[in-house]
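Below are structures written as structure tokens.
In what follows, subunit A forms one complex with subunit B and a second complex with subunit C.
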Partner chain A sequence: MTSLLLSPAEQDYIIRGVESGFRADGRGSLDRREVSLRTGMISQANGSARCRIGNLGVGTDVLVGVKAEVNTWAPGEPEDLGSIVCNVECSPSAAQEFEGRGAEEINVELTQLLDRILNGPQSGLDLKKLCIIPKQAYWVLHIDALVLDVKGSIVDTLVWATRAALMSTSLPRVVVETIADEMGNMQAEFDVVDDPDDLTPLEGAKNLPISVTFSQIGKRYVVDASEQEEAVTQARLTVAVSPAMEICAIQKGGMFRGFPPSLLTEILETAQRIAREELTKFDIHYAQAKLHLSSQAEEPSTGSTFLVQF
Partner chain B sequence: MTMEIDEAPQKVGIAARIVTPGTAITNDPAFMRGHGTFSEHDTIYSSVAGVVERINKLVSVRPLKQRYSGEIGDIIVGRITEVASKRWRVDVNSRQDGVLLLSSINLPGGIQRRKSESDELQMRTFFAEGDLVFAEVQSYFADGALSLHTRSIQYGKLRNGTLVTAFPQLVPRSRSHFHTLPCGVDVVLGVNGYIWVSKHVSASKVEANAELIYSDKNEPISDDEREVIARVANCIQLLNRLYVKITDTSIIFAYEASLAHSVKDLLTNDVAVELAHNVMARLEQQA
Partner chain C sequence: MSLNVVDRRRINGPQRSVEPVYTTKVVDPFASGRLDERALDQVRPIFIKTGPLDAQSLSAAAPSGSAYYEQGKIRVSCAIYGPRQGRKSDARMGSFDCDFKYAPFSCSWKRSHIKTSDEKEIALMLEHSIAPAIRLETYPKASIDAFVTVIESDGKAATIAAAINCISAALADAGIELYDSVAACSMALHGEQW
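Right after this comes the complex of A and B.
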């Protein structure tokens, strides 16, 4: 994934460090770098969030926007379900290898992963609630993510940002009326209430899973790999765990090799264990982001001002 | 192409101040324009973001962020990016890659040894792509690229540690760039901003075994040594992010102040800011 060049001595230093449980920046195997989270950064969107994982203002940075649209039902589509459409794009300014067509492959990989986590009963979102009138109209949630900077561990940053964006999403109220037409048939009609204050939060967003990505380095694995660590990662596994501690999605990345079965079961158990801590951490960050939003609503959202959270 | 100018030309005094591109510095015709400035309508404007400096009648702007520009005699750390014919191309954090000629390295087997054709064929056994080298700037090429050399026992391949990248302007040129800190860690302060932090290996050991100069193998590093290396590396990182000069003294100050915290906490905002203020206060006290 990265084009970072490391000398054999540096690689050996990182691998041995991971194997002895002491990483190059002093973290333990399961420690995450600092997270900063902000919501409500895009005023035109129904919900948005920006998440950065990294130390001292340098790190992987992802911006996610959620836009809800009303779609008319077409034959062949599910009759009483809404839908979610994901799109992830890596900005060419994030890393040199994303320039030109270089980001295509990773865009597809990340889009598919997000889709795998969110689309389906395991996501916790009730797609039935996104249906307005069966066989007539439904909501489509367009989830657009932009990767602004890459310093390792894109997947987790992406899922954190998406989760926060969906949690902050609110949809306009829809009034459904049943009227009889000239023939006396009952027909349902709907009206989207165009009032910025009359919004309802997205149902079930609190049940969304959180992801933990493990990178196998040497004989052991780490969470939240740094850029250097990703350069020596042999295999990568993303596990999505719901707040009910159920595993919702698994995706393996990294082309070099697979996981030994014993390590795999260990990873799945660890994932469930640390997902609990991660969710608590997420809730704290999300509450802070909400607080920040209400107290400093007028503050312009400038770029990555140094050391200021965003 | 015209540049946006955000200030109307006016009489401006030249005090130590921070400017952004397009800021009018002065319209006094007595001044000459130096680096980082341009003139239009008899007014000198800044072309970079930085600090205005004046030497007699010469006005220049020192940028806050810049690439490394080499000078002969600089001690630097570089990364080999390409093996070419009779030379290596080296990333030196500069505008263009530096060059290390095969004739500018010490071949194993002593200084007296003559370079043969077989050496040209086995250049990768000395330095391969990705390797970090500790070198000195020998001269410039016509296009401004740096020519490096490693013709000294202390130069050569780097191992047993980790690289920290800093802003080049934060690493001042000084008498010595290789330091063994009291905590038992070797630090190579490359003037180009690449800083190598490694376990201490005594020079006599390397001198006794010439093979070690081009070795890729790390010595065994214990967990305690790893922790000290990580602590020093994190200290350098935080000095860099908070824009504090990186010298052996500032690193030692940061290291001493950091002992109250665990290594992984050093890069969190609150701790980093506290430590940087501590270091700056101590540096001022010393000066």
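Right after this comes the complex of A and C.
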């Protein structure tokens, strides 16, 4: 989504390469680059994850933090549900055009896309479990994503990081008591347990969807476009698929072309197939991230570990 | 939206006001066919009028094209300004920008005067849907701007579809070079049925 200046020769090289089935970095048209995933590095957040997708240690880098707050119910809101609030911000360190108000459009687009994937029954999260006392108090999950670097395929990295952050989120335990007040009416009161080790993991995070972005270059499409490939992409389709193989969200981007309906159906089927493999890959990366976290206890906790371990 | 920022340009109402909560029983829209007795695949009747809403505006600052679109209770109007000087003076292709705004009285609850991220996202959606149909390569260094105002809304997805249709009509009225006009329709999944 950032504009990289490519010469017509380079553009032609990429387009013809993709049409013949070759990509500049040797990947197949449906292959993703290397993924680095780390969770739990932000101790102040209820859940956090950092995901980088790219070759040779350089790539699109997204950091997601989840903070849970208790909100008081107001009339008009659903009576027994918690809620999720998403916010995505592209840091100016990612690209020069994100300075000042330059990132406003892309922030809005990514925030709304993430909100569409997460808010609603398709996300798999059980919002009922986030309700503390019906018509009185509920948990609000603030999901804040910070895009640190952009090297193509920003949406997929964002969704990977968000999924990992939510899977690693744990909420403090809440004790609900019903007390009788002076007039004998039963009032429910809640108390959040202050013990940092007494936590319950977020329910249903394993059902979250994962996204696959297809970029149309010339007459063919590729998955996980690199920066150069994105500069010659004419249209983009992001498909979010849940572990139950249901399509949760579809977003078309790109100002130059539309998709013919036959290609659209083909892409949706391919998305489901790829999502199955991606979810297996995700689970492997997530397990490694957790393993790494537990081994961090022996290492010195200085600020540099955040960068070095990644 | 947090209301810490006071809007000094307008006479402000109370800091926080909410839509009233009705105590009457909620009707299931699909209990016995559709509420307005349409078939499942039937759209609401459409009315389109191109040309200025105010037939007397012939000033130089008038939009190049405009359209008013009605579909059932949905009312959308669009004005096209352009092709006019674009922001980048070295662009090989023209740029297409959309501006989308709900009028504060258009929905069943009052909407803010300030553009919310919802409206900004819909504007991006409109741009991505319609730009492929415009021959932007015939308008280098120029920009074509569409300003959509929703006067009355009846269903978010249907309103977006109405906005797309309205912009297409307005672009045709403005005489912009198009590959084709873009039409849109919304669908909803209820249980197993579309």
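Methods note: the second predicted complex is superposed on the first by the 297 of 310 C-alpha atoms of A that agree within 3 Å, B and C clash if a C-alpha of one lies under 4 Å from a C-alpha of the other, contacts with A are read in each partner's own complex, and residues count from 1 in each chain.
Definition applied: a residue touches a chain if its C-beta (ideal position, glycine included) is under 8 Å from a C-beta of that chain, and two chains touch if they have at least 3 such contacts.
Because the structure is a prediction, the values reported are computed rather than measured.
Asker: Following superposition onto subunit A, is the placement of subunit B relative to subunit C best described as a clash or a fit?
Answerer: On the shared subunit A, the partners fit.
Asker: Go through the superposed model and pick first if A:Gly253 touches only subunit B, second if only subunit C, both, or neither.
Answerer: Second partner only.
Asker: Output check: A:Gln112 vs subunit B and subunit C. Expected answer is one of first, second, both, neither. What do you get?
Answerer: second
Asker: Does subunit B (first) or subunit C (second) touch A:Gly152, or do both, or does neither?
Answerer: So A:Gly152 meets neither subunit B nor subunit C here.
Asker: With both complexes overlaid on chain A, does A:Ala235 touch subunit B (first), subunit C (second), both or neither?
Answerer: Only subunit C; A:Ala235 stays clear of subunit B.
Asker: Quick check on the superposed pair: does A:Pro75 touch subunit B, subunit C, both, or neither? Answer first, second, both or neither.
Answerer: second
Asker: Tell me which of subunit B and subunit C touches more residues of subunit A.
Answerer: B
Asker: Under the superposition described above, what is the C-alpha centre angle at subunit A formed with subunit B and subunit C, rounded in steps of 10 degrees?
Answerer: Nearest-10 rounding gives 100 degrees.
Asker: Of the two partner chains, subunit B (first) and subunit C (second), which one does A:Gly28 touch, if any: first, second, both, or neither?
Answerer: first
Asker: Would you sort A:Gly47 into first (subunit B), second (subunit C), both or neither based on which partner it touches?
Answerer: neither
Asker: Looking at subunit B versus subunit C in the superposed three-chain picture, what is their shortest Cα distance in Å?
Answerer: Nearest C-alpha atoms of the two chains are 9 Å apart.
Asker: In their shared complex, at which residues does subunit C touch subunit A?
Answerer: 18-19, 21, 96, 117-118, 120-121, 124, 127-129, 131-133
Asker: Any idea which subunit A residues touch subunit B in the complex?
Answerer: Residues 5-10, 12-14, 16-17, 20, 22-28, 31, 33-34, 55-58, 306-307.
Asker: What residues of subunit A sit close enough to touch subunit C in their complex?
Answerer: Listed in rising order, the residues of subunit A that touch subunit C are 74-76, 104-105, 108-109, 111-112, 235, 252-258.
Asker: Mind pulling up the subunit B residues that touch subunit A in the complex?
Answerer: 79, 81, 128-132, 157-163, 216-218, 221, 223, 226-227, 230-231, 233-234, 237-238, 241-242, 262-264, 266-269, 272-273
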